[in-house]
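Once you've had a glance at the structure underneath, I'll fire off some questions.
A, B, C and D label the chains in the order they appear, each numbered from 1.
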Amino acid sequence: MTLNVGVIGVGMIGQDHIRRLTDVLSGARVAAVTDVDLDRARTVADDLPGATLHPSGQDLIAAPGVDAVLVTSWGPTHEEYVLACIAAGKQVFCEKPLATTREACQRIVDAEVAAGRRLVMVGFMRRYDARYRAMKEAVTSGDIGAPLLMHASHRNPSVPSFFTSDMIINDSAVHDIDVARWMFDDEIAAVTVLKPRVSSKAAAGFDDPLVVLLEMTSGVLVDVEASVNAAYGYDIRGEVVCEDGTVELSESAGAIVKRAGHFSGRVPADWRERFARAFDTEFQAWIDAVTAGTTTGPSAWDGYAATVVCDAGLAALSSGQRIPVVLGERPDLYKEI
Amino acid sequence: MTLNVGVIGVGMIGQDHIRRLTDVLSGARVAAVTDVDLDRARTVADDLPGATLHPSGQDLIAAPGVDAVLVTSWGPTHEEYVLACIAAGKQVFCEKPLATTREACQRIVDAEVAAGRRLVMVGFMRRYDARYRAMKEAVTSGDIGAPLLMHASHRNPSVPSFFTSDMIINDSAVHDIDVARWMFDDEIAAVTVLKPRVSSKAAAGFDDPLVVLLEMTSGVLVDVEASVNAAYGYDIRGEVVCEDGTVELSESAGAIVKRAGHFSGRVPADWRERFARAFDTEFQAWIDAVTAGTTTGPSAWDGYAATVVCDAGLAALSSGQRIPVVLGERPDLYKEI
Amino acid sequence: MTLNVGVIGVGMIGQDHIRRLTDVLSGARVAAVTDVDLDRARTVADDLPGATLHPSGQDLIAAPGVDAVLVTSWGPTHEEYVLACIAAGKQVFCEKPLATTREACQRIVDAEVAAGRRLVMVGFMRRYDARYRAMKEAVTSGDIGAPLLMHASHRNPSVPSFFTSDMIINDSAVHDIDVARWMFDDEIAAVTVLKPRVSSKAAAGFDDPLVVLLEMTSGVLVDVEASVNAAYGYDIRGEVVCEDGTVELSESAGAIVKRAGHFSGRVPADWRERFARAFDTEFQAWIDAVTAGTTTGPSAWDGYAATVVCDAGLAALSSGQRIPVVLGERPDLYKEI
Amino acid sequence: MTLNVGVIGVGMIGQDHIRRLTDVLSGARVAAVTDVDLDRARTVADDLPGATLHPSGQDLIAAPGVDAVLVTSWGPTHEEYVLACIAAGKQVFCEKPLATTREACQRIVDAEVAAGRRLVMVGFMRRYDARYRAMKEAVTSGDIGAPLLMHASHRNPSVPSFFTSDMIINDSAVHDIDVARWMFDDEIAAVTVLKPRVSSKAAAGFDDPLVVLLEMTSGVLVDVEASVNAAYGYDIRGEVVCEDGTVELSESAGAIVKRAGHFSGRVPADWRERFARAFDTEFQAWIDAVTAGTTTGPSAWDGYAATVVCDAGLAALSSGQRIPVVLGERPDLYKEI
């Protein structure tokens, strides 16, 4: 009953997920790989006993030995592969973004609705992080009343030179966008982007940090400080303020050292350190669900909504205005949580 | 060498300061009292050996046995008493606000400038809180680089029924306004007020919580969540985000209890519990300075600026717009810190 | 390359490990089961596709389809099964205790030494806990100097009615005994047991809590508060005091809630909640090592030493005296870490 | 109604208390000073307007202008001055130790009992520390059940070269001895001293750290790690373990800084930083009580008991044995708390 997974895209994240499927998790194996760089795909396949190499994602999806598909290729290619999986009736785990345009996401949603069942899970791994889950549990327990605000910080220590302010929205804040929708089980109604003082560490012409304001349809206001030159570490923080109390993510240091006049604890160095366990949990949930003949987790609708909100965020960033978010109607397929 | 202090206004806050001068601090005594309610003033005076009762603030200020004056009367009366103190050449400690209008504050500044020396200290006690001082020390140490943002929360557990949204700005957020100016040694350039989902605990027609955005002239952005129906306690939080690191206020619980599946620590019940020590430190600093023939602490200019920013905040609250703050020129008298 | 694991003993802990091997970890499957209660074994086997049922541990160990063995049977039976595994040249993971008497442990050590290679891993899972690993990393980093003391608390919320003071040593403190040996890479030279005030929650005639003092051969002193009626939760604490600083385990709460005048975080309810992840990591390390043709982790020597120290602890508990620990000579097989 | 205090002994601690009485607290002034070094006393007196200089402690005590006395001279002289104060019917605040021998303390107790009222307060300032008070409040609240154990650490960063192991008992652990008696409202029945590995920072022939075990008559066991070469800071820690929960002192850092991969907070540099506020509170309580015609705080009995327990501690240190503590009968005068 081992799940045979085909992997499309074996770059850094793809290889990390292959390691996870192969060495860490239960119930799955990598049965097939492909990549736009076939030599790279061949090198990866050579290390995976029994894995087949495929000339294209379409070929891999069609292969009878592939039970389910993992899409970790370049964002603009996601739509094609996800649609092919739906057409083939195969479960697919697609790393974020589901697709890079609102229209592409809509086509995926439409295809899945036409198929009549969920086949797509999108890789928003924070939903599987123990800290975020404890936070959501507090919010939904009713112990602290109805939510009013959320404060979040998303700090990357540094980024490659090609990183732009747009990517702060699309690559960083997109996680906070998904968290907000999931935490409050609600859609985002409008986005505004504020520009604080620019860090001297930011590349020329680059606005960093940003403050992204998300207005939920309920009126809950979420402010997200997103920065990619935070220098001191990878620090993800959050606090939900409710009518009777608040809940915030705890620090993650495993030990507290006292030395030289101070007590101190480690801040994670990067997203791998911070979210390694969440990735494991997320993938195991997918393997278990797919093996059981179903799917789970963030849906194509969640991927669609995230992309639409990011588009609004980019418009807000460039215009300086508050940009309303206009979503299509949510199909029945996605109405149950 | 005991400083003889005259107290104008013996309501709740006035009586608390009288207790402080009488029972807690060194080097001062209450020598004279007055109040709009003379009976109340008489009752207070009767408990203070040697204290004289005065029919009016003006009479008290003029009394030869009064070395310095404490103004804790109703806000709209502050201007008159502070101006009289300046005219009399007597040091005055005025509880916030310095005065209730921009014009009144300007008249005080003008009078003090004409006097050629500082005679006014305004009661922004957070500058004397050990946690805020540790935060400022970290910011000014250079260890964490140039400041970019500040996040603040100002949560009151509840308020009397007469409290309004305007008072969230004037009575609560005014402290955060002063903190921002002091923390960054900079003026506020613009104010915006956001309205999250309204708490069901808020009185009808009352916007609570608010998020007040302060833009410093340097570009540093300060977001202040201000709420007066936070229910769970009096919670004052702050984090300054700089280029190389951050600094945040610590929790204030003295002991951590483990019980019934949880560890827990106390949140202060009210501002007295949270800032009792800051009030002591603030007043002792004033007594010491006045005894030494000078003054210290927040100046008339700080009082003026706070009132002008609050005015902008009220305009921002009612209009929903970003309101620029236009200050007059800062006189030389206030240029040294 | 899936490792076929035979499981001897399918009680609570055995079934938990079967779940782990089957549903959580990578690279292993349960290929065979047995139990003193064959009906129970049959029920378990029926849920494991392809698993064979064996009438005895010896039969299971001899089965050609079993690559490696997991011993989770009743402690007094461990010796027999571990010796059989060594005789069969099969890797064995034995839950603590390795064996219930010093002599039995010695026989296992002798057999393994005679075999000339390590075949035994003992289940001291704390060595795989992220918090303990961070602590050990700090101690061995040299940043805080040479170790002088360790303070530990081992608190169980409650225990079944058959639990005795002896079991506080053998079942609870045995983990702290192993941690001390591992943390300082040193043996324990003497044990003393102190009896504080007896908890009213303890069963009649039962000493609880105890303080177990462990003297390392280096002189480092370890004090372990062990209690099994701590009521409020399962709380494992530790602090190592070194010449230049200290290191302590952090709290494990994922989120901090503020409510009703307090901030609070969750204390784990039991050892499963606290150490679930450590068990996973421990087992995966074993699977990976065995698959690679070797073993890892706590050795038969560690199991032997723990049993000898526990014996000293029991003598110390009953006599009220300081009891020296006399270990045999450590064979070369166990000299490398 | 200012209290005129005479100060005997104007060394470091005496001058610090003079500063406190003069510049910080309310209701008292230094009216008279003396010291074994009269030149030093004269220099101090010259800075205190209106203070008289006295050739001896006895002369100062007898002076009509002295309402109450502060004894901060060398320990062996305390008995003489405290007895003289009792004879003169003047309230006296005596820094610890009350006296350096059991017999001397007994004579003070006898004299005070003969006088028929409390005249002596001993300077155990931890009883006035906000953290210890929060801890005691939790213990006495009943919320966490009956106490069973207390863990304490008392770490000094470094000591002068003349410091000895005996002084770890008499100068450092004496505070923990008083805390234990006060926390549990109970006497100490026996003392044992353990010697962990010796720090390489300790002077030759010097045992440091020590672990002092205090057995309360109730059976509560208190373990105190006392070290005077802890290097990293002045760190005072404590945890009381009760039947239903625990309570521990919180960290004292005012702000948490994140920088260079870590979050961190300040550990106090010395006892002044850690207990400055406790000293203020303690002294103000004394001034207020004396002004009201009574006294308060740690009594001569507390001073007596601390000295007797220290004697047992020294015997335990030198003998390696458990030493019972034998107190005389507690006079009625000290029976109410």
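One rule holds for everything that comes next: a residue touches a chain if its C-beta (ideal position, glycine included) is under 8 Å from a C-beta of that chain, and two chains touch if they have at least 3 such contacts.
A quick map from chain label to UniProt name: A, B, C, D = Inositol 2-dehydrogenase.
Quick caveat: nothing in here was measured; it's all calculated off a predicted structure.
Q: For the pairs A-B and B-C, output the one whose chains share more C-beta pairs in contact.
A: Pair with the higher count of C-beta contacts: A-B.
Q: Have a look at A-D, C-D or B-D and name the one that copies the A-C interface, over half of its contact pairs being the same.
A: B-D
Q: How big is the gap, in whole Å, between where the Cα atoms of chain B centre and where those of chain C centre?
A: 58
Q: What whole-Å value do you get for the distance between chain A and chain B if each is reduced to the mean of its CA atoms?
A: 44
Q: Where in chain D do residues touch two or more of the other chains?
A: Within chain D, the residues that touch at least two other chains are 144, 232, 235, 244-246, 251, 253, 258-260, 265-266.
Q: Provide the residue numbers of chain B that touch chain C in the complex, in ascending order.
A: These residues of chain B touch chain C: 232-233, 235, 251, 253, 258-267, 269.
Q: Please output the residues of chain A touching chain B within their complex, sorted ascending.
A: Going through chain A, the ones touching chain B are 144-149, 151, 153, 194-201, 209, 211, 213, 216, 218-221, 223, 225, 227, 229, 231-232, 235, 241, 243-246.
Q: Of all residues in chain D, which touch chain B in the complex?
A: 1, 22-27, 49, 130-131, 133-135, 137-138, 143-144, 244-251, 253-260, 265-266, 277, 284, 288
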